[in-house]
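Each structure below appears as structure tokens.
Each of the next two complexes has chain A plus one more chain, namely chain B in the first and chain C in the second.
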Partner chain A sequence: MNATTLVNGVLEGGLYALVALGLSLVFGVLRLINLAHGVLVVGAAYAALELFDLLHLGPFVALPIVIVVAALFGYVLQRVMLTNLLLKGPESGIVGTFALAVLGEAAFAAAFTSNGVSLQSSLATTSVKVGGVTLELVLVVACAIAIACAGGLQFGLKRTRAGSVLRAAAKDPSTAELMGINVRLVFALTVALAAALAAVGGVLYGVSTGFAPTSDTSLLLIAVAVVVVGGVGNVTGTLVAGLAMGLAQAVSVSLFGGGYADFTIYVLFFVVLIARPKGLFGQGAF
Partner chain B sequence: MPALELGDSRGSSIAMAAADARVEPGAAGGSTTAGAGSGTLPGTLPGRQPGTFEAVESPSLVLEHVTKRFGGVVANDDLSLRLEPGEALGVIGPNGAGKSTLLRLISGLHAPSAGSIILGTTRIDGLRPDVVNRHGIGLANQIPKPFPALSVAENVQVAATSHRRNGSTHTRVSVDDVLEVCQLGARAGARAGSLGLLDLKRLELARVLATGATVLLLDEVAAGLVGDELTAAIELVRSIHRSGRSMIIVEHVQRVIQEIVGRVVVLDWGKLIAEGTPAAVAADERVRDVYLGRRAEREAAATSSARSDRAEGESADGDSDRAALLEVEDLSAGYGSLIALERVDLRIGEGEVVSVLGANGAGKSTLAKVVSGHVSARRGRLVWRSQQVTALPAYKRARLGIAHSPEGRRIFPDHTVRENLLLGAARSASRAHRAERLEWVLEVFPALRQLCARRAGLLSGGEQQMLAIGRALMAEPSLLICDELSLGLAPAIVDTLYDTLVEVRASGIALLLIEQNTSRSLAVSDRAYVLHRGRVTYAGVPEPLLDEAVLAQHYFGGQIEG
Partner chain C sequence: MVTTALSRAPGRLALALPLQRRGAGALGALVVAGAACLALGDVGGAGVLSLGTTLFAYIALAQAWNILGGFSGQMSLGVGAFVGTSAYAMALTMTRLGWSWPAGMAAGVVVAGTLSGLLAFPLLRLKGDYFAVGTLAATMALDAWFDNWSFVNKSTGVSVPIQAVPGQTEMYLIGLVVALIAVGSAIVMRWSTFGVRLLAIREDDLAAPLLGVNVFGYRLVVMVVSGMLIGLAGGVFALSLVSFVPDAMFAMSWTIEALVMVVIGGMGTVIGPIVGAVAVYYGITTELANFPTLSLFFEGGLLLVVVRFVPGGLWPFVVRSTRWLLERRGPTVRIARATPPPSPPSPPSS
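After this line comes the complex of A and B, so read on.
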């Protein structure tokens, strides 16, 4: 077990945190476990791939476009589908997003074959040496973006009027309406924001790791584990849990080999679930 | 329109599990013809006819110094009472008096913090609810929740089955008998989810009876019933009582108390404050104080400034010449099969103060919710400054100038006081404008100023109420609805709040005060309405209501029943 493995593990954990943030947001605000979250992540990666094929845009140039498209998709998804499902009760939302996940996987396989691909970027093949440690540059960038996103989200939720409105709508939607807050709009914008975060995660994942139509499942499961370990709605907790998961994964890979990577995460997940059901850092802002 | 209600996962899975639990659907309808009294009330039949109840002996139930605390709140305070075998005892009291808690303590849903509960010779406090039930105590809930996918007979069978499986020895009752007595024979095969309210209430009683209970705890089983349905429910409870079963009846519907029980106890703030026959209790000054406010306050109110302020330009019936701010016309509303409001007319003028009074369950809060948009009207219309708003969603009504300080305050506990207040500000308000408005609200409620940075959930009840009103005022509304402003607050704090309302009114904001404690709100009101069981029983100037006999007549439904 060397320092390089461990540090890169932590950096990769930043990516997990990024993917988990959007899931946590929807879970905390709408009380919905969005089973299609992994599909949003993978979909964003495919979107970036298409933009490269069609317009020869590099992943980081394509990223802003992908973010906008994902946010629009999230907004429409909430308005058209999720609102009506959630009015029928939480089970409907879970079934609905599960259906969407299955559909998305099948659509990706049909359109892009089931082979794994990755987004080409010079970043992916560059590494930097800091001290005695070799860092993969793409993971450094991903981790920095994850920290920036978590920081921005935390600031936005806690310090801005929009964040205050969002937390109020999450906590007590019917009272929020009495304040003149259009709760359905707030919810739709929340899903849009979550989809945008998923898009950032997806493009970075596509560059660093590569993906296939079925990648959404393991991404979703890791994200769920990170959200639960960090505490639902707890932005800082999610970030820390993501980094910790990355580290734990790196440790287990170097001890037991690559086959145990996901297993380690699920074991951690279950241990935390049993010992501290509200997550290591407690429930958070919304 | 309600916001996304994400709740209600009411156990369909449980219903499925129960469906698997060896129910015999055929056991139902068999005896529908056997009951000589199908169509008539079984209880009126003499002796032990088929379909009527076997007489039973119920044990005595004794509560000794029972206290229940929830955190710092004392829900039941050193209560001692005795239910004789076969007795029907009524428990009344205002909202929050601890009535439901009392029933939950007896039925084992809560364990008392102190004191003992003895059934016959057995101490039952602290036992699990299912064990208490096996000892013969059954709780019927205000809102029946049968398994909706099962038939009526199956629902009763489930209650009887779980009881038998436990090998208990006390009174066995056949499902058919129970169905017959509860007049459900004809509906035995119907899905419970398809029942109307009266049949749902019957089923709730049937389920309790099927467990073999001989001591029944009835928590507002008549709530929501009117007219003939209420009469039918009362008859049913009476017939159950005649079979020797004892019962404790928590009820707001006066007829139920008057026509069934021999003895009433009155709770207030968790304490037993009066006891006697229904008539004696109704005449008890302390009881009137509890429901209507202190006599001294009422007399003070009679001479207060409200009327002199109002004198100019108003006709004798209290209809002001002011332009109409809100007109409620022929409004009906309800929940499921429950009718909460029936053909209500109400008018609020610009800057006017209107009180809506009435007992628990009269429909006051529903009226407030229909006006602010959280409950939709089933008929009738709402006109706001000559604009139809009946179908407008709640958030748009808020933006028009309807502010609602809801029952239970509903502050955002994890937000700071300042954040709560700012959330109330109009969406369109500029930052500077919001700051200005915040300053005004903090002047109205100086106590909130030093609490600004504190998490709202840490505030005391009175402070939270100030915050809820302050938050509503942030939007610069034209109408402020205050629902149960004084509920659960000490009199001194209520005084402060009402002083503030006078200030609010002076700034031109119309007020709709929904109150159970009437004297304070009448003192500041231009006009008043009394609701009883969803209907308006009085509309006009407040003065006549300051006469307690008149108020009690409207309040307790003197006009409408019978």
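After this line comes the complex of A and C, so read on.
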């Protein structure tokens, strides 16, 4: 077990945290595990791929466009679909988002074949040496972006007016409605923000790891695991849990070989879910 | 005294008769349907036999999911876990121990039921979304494990010895029996005091224990029964596929098929999953057999449309509309036969 593996594992954990932030947001505000979250992440990566094919935009140039498209998609999704499902009860939410996941996976497979692809960037092949440890540059960037996103989200939720409106809507939608908050709008904007975060995670994941139409299930489970470990709606907890998950995966890979990388995540997830359903760090902002 | 009266459930006597009568009626209908399927197998050719076998297995799969998801309200995304373990148990006992297919299938059912019972202890502590994601994680973990476990040939997979696989006619009969067992179990659960208590748990799992219903015990039984039924269906799939790999047997597609069939047909009803299985299998799967992606696309789309616009599923919708049409067409006849008691004068509206 060498230092390079472990440090890169932690950095990759930053990517997991990034993917999990959006899920955590939706889970905390709408009380819904969005089973289509992995599809949003993979969809963003495919959107970046398409932008490269059509306009020859590099992934990081395409990123702002992808973010805007994802946010719009998330907004429309919530307005048209999810609100109505959630009003019918939690079972409809599970079935509806599961249907979206199936639909998305099939659509990606139809449009882009089921082969794995990755986003080309010079960043992906560059590494830096810091004191005998070789860091993959793309993971460093991903981790930095994850920390920035988590910091921004934490600040936005706790220190701004929009954040307190959102927290009020999450805590008690009907009372918030009475206080003049447009809860449906807040919910739609929440999903838009979550989709935007998923898009950032998706593009970075596409550059660092590569993806296929079926990547969404393991991404979803990793994200749920991170959210569960970190505590629902707990932004700092999510970040720490993501890094820890990356480290745990790196340790297991160096002990048991690469085949068990995903197995570790699922088992870890299972153990935490059973032992501490409210997460290791407790409920967060909501 | 009060508690005894309550735990004896005063409604039991009142419920018992019509419930059991309806259950007996449903079982009678099932026997007739089974005999019809048997006759169809006799007159139908090879195409009917092979289509029928798969359809029966899907009906069993859908009904097993329905017992857990519809009757008990636990939405499982882990159908593949039980299909996979059962198929593997069957293939391994048949190849390595030389067992016949009935013994192998029994082993598969026992293993799937045991797994279900073991998973119930951690999983039943979880609610709603968490339960769904927990079952998904268990399935993915099993898939990842079998992919790397040399005892089960890793990702190369295993196969049922081809000479031990029964012929087409026998396969049709096996499928039919498996489907009858699954539907029969659903009927027994639906129209019994067991089913009524299950419904009470599904509707309000905080109030049910106050009425003396053992929430965990009932859910445990349902999970084990559902797991065993999925194991039965998995045995049929294993026999028809002959050789398989972990990624196929622990796949998400089993969950997708079962969930789509049940939700489209009508979750929590006995006939709904059968209607859904027939509709999805004949309407989508066989029509688009050469375009698996397109088939998945249609299934997801249909699921979305149904859950958005026909939330109860197709069968309850058909029943409702038929009843509505009948009541609209013949009100005069009914009034002529039995005059309803005069309704009390409505209070002035202002």
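Methods note: the second predicted complex is superposed on the first by the 286 of 286 C-alpha atoms of A that agree within 3 Å, B and C clash if a C-alpha of one lies under 4 Å from a C-alpha of the other, contacts with A are read in each partner's own complex, and residues count from 1 in each chain.
Here is the rule we go by: a residue touches a chain if its C-beta (ideal position, glycine included) is under 8 Å from a C-beta of that chain, and two chains touch if they have at least 3 such contacts.
This structure is a prediction, so every number in the text was calculated from the model and none was measured.
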Q.
So in the superposed three-chain picture, is A:Leu86 touching just chain B, just chain C, both, or none of them (first/second/both/neither)?
A. first
Q | Of chain C and chain B, partner touching more chain A residues | A | C
**Q.** Contacts of A:Ile181 with chain B and chain C, given as first, second, both or neither
**A.** first
(Q) Once chain A of both complexes is superposed, is A:Ser164 in touch with chain B (first), chain C (second), both, or neither? (A) first
Q: Look at A:Val224 in the shared chain and tell me whether it touches chain B only, chain C only, both, or neither; answer first, second, both or neither.
A: second
Q: Could you say whether A:Val253 touches chain B, chain C, both of them, or neither, answering first, second, both or neither?
A: neither
Q.
Under the stated touch criterion, which partner chain does A:Pro173 make contact with: chain B (first), chain C (second), both, or neither?
A. first
Q.
Looking at A:Leu30 after the superposition, I want to know if it touches chain B, chain C, both of them or none. Which is it: first, second, both, neither?
A. first
Q) Which chain A residues lie in the overlap of the chain B contact set and the chain C contact set? A) 32, 90-91
Q. Which positions of chain B touch chain A when the two form their complex?
A. 2-9, 372-374, 393-396, 398-399, 403-404, 406, 410, 412-415, 419, 422-424, 426-427, 471-472, 475
Q) Any idea which chain A residues touch chain C in the complex? A) 32-33, 35, 81, 84-85, 88, 90-96, 98-107, 109-110, 114, 217-218, 221, 224-225, 257, 259-260, 262-263, 266-267, 269-270, 273-274, 277
Q.
With touch defined as at the start, can you tell me which chain C residues reach chain A in the complex?
A. 73, 75, 77, 122, 125-126, 128-130, 132-134, 136-138, 140-141, 144-145, 147-148, 252, 256, 259-260, 263, 267, 293-294, 296-297, 299-301, 303-304, 307-308, 311
Q | chain A - residues contacting chain B, complex | A | 30-32, 83, 86-87, 89-91, 161, 164-165, 167-169, 171-184, 187, 285
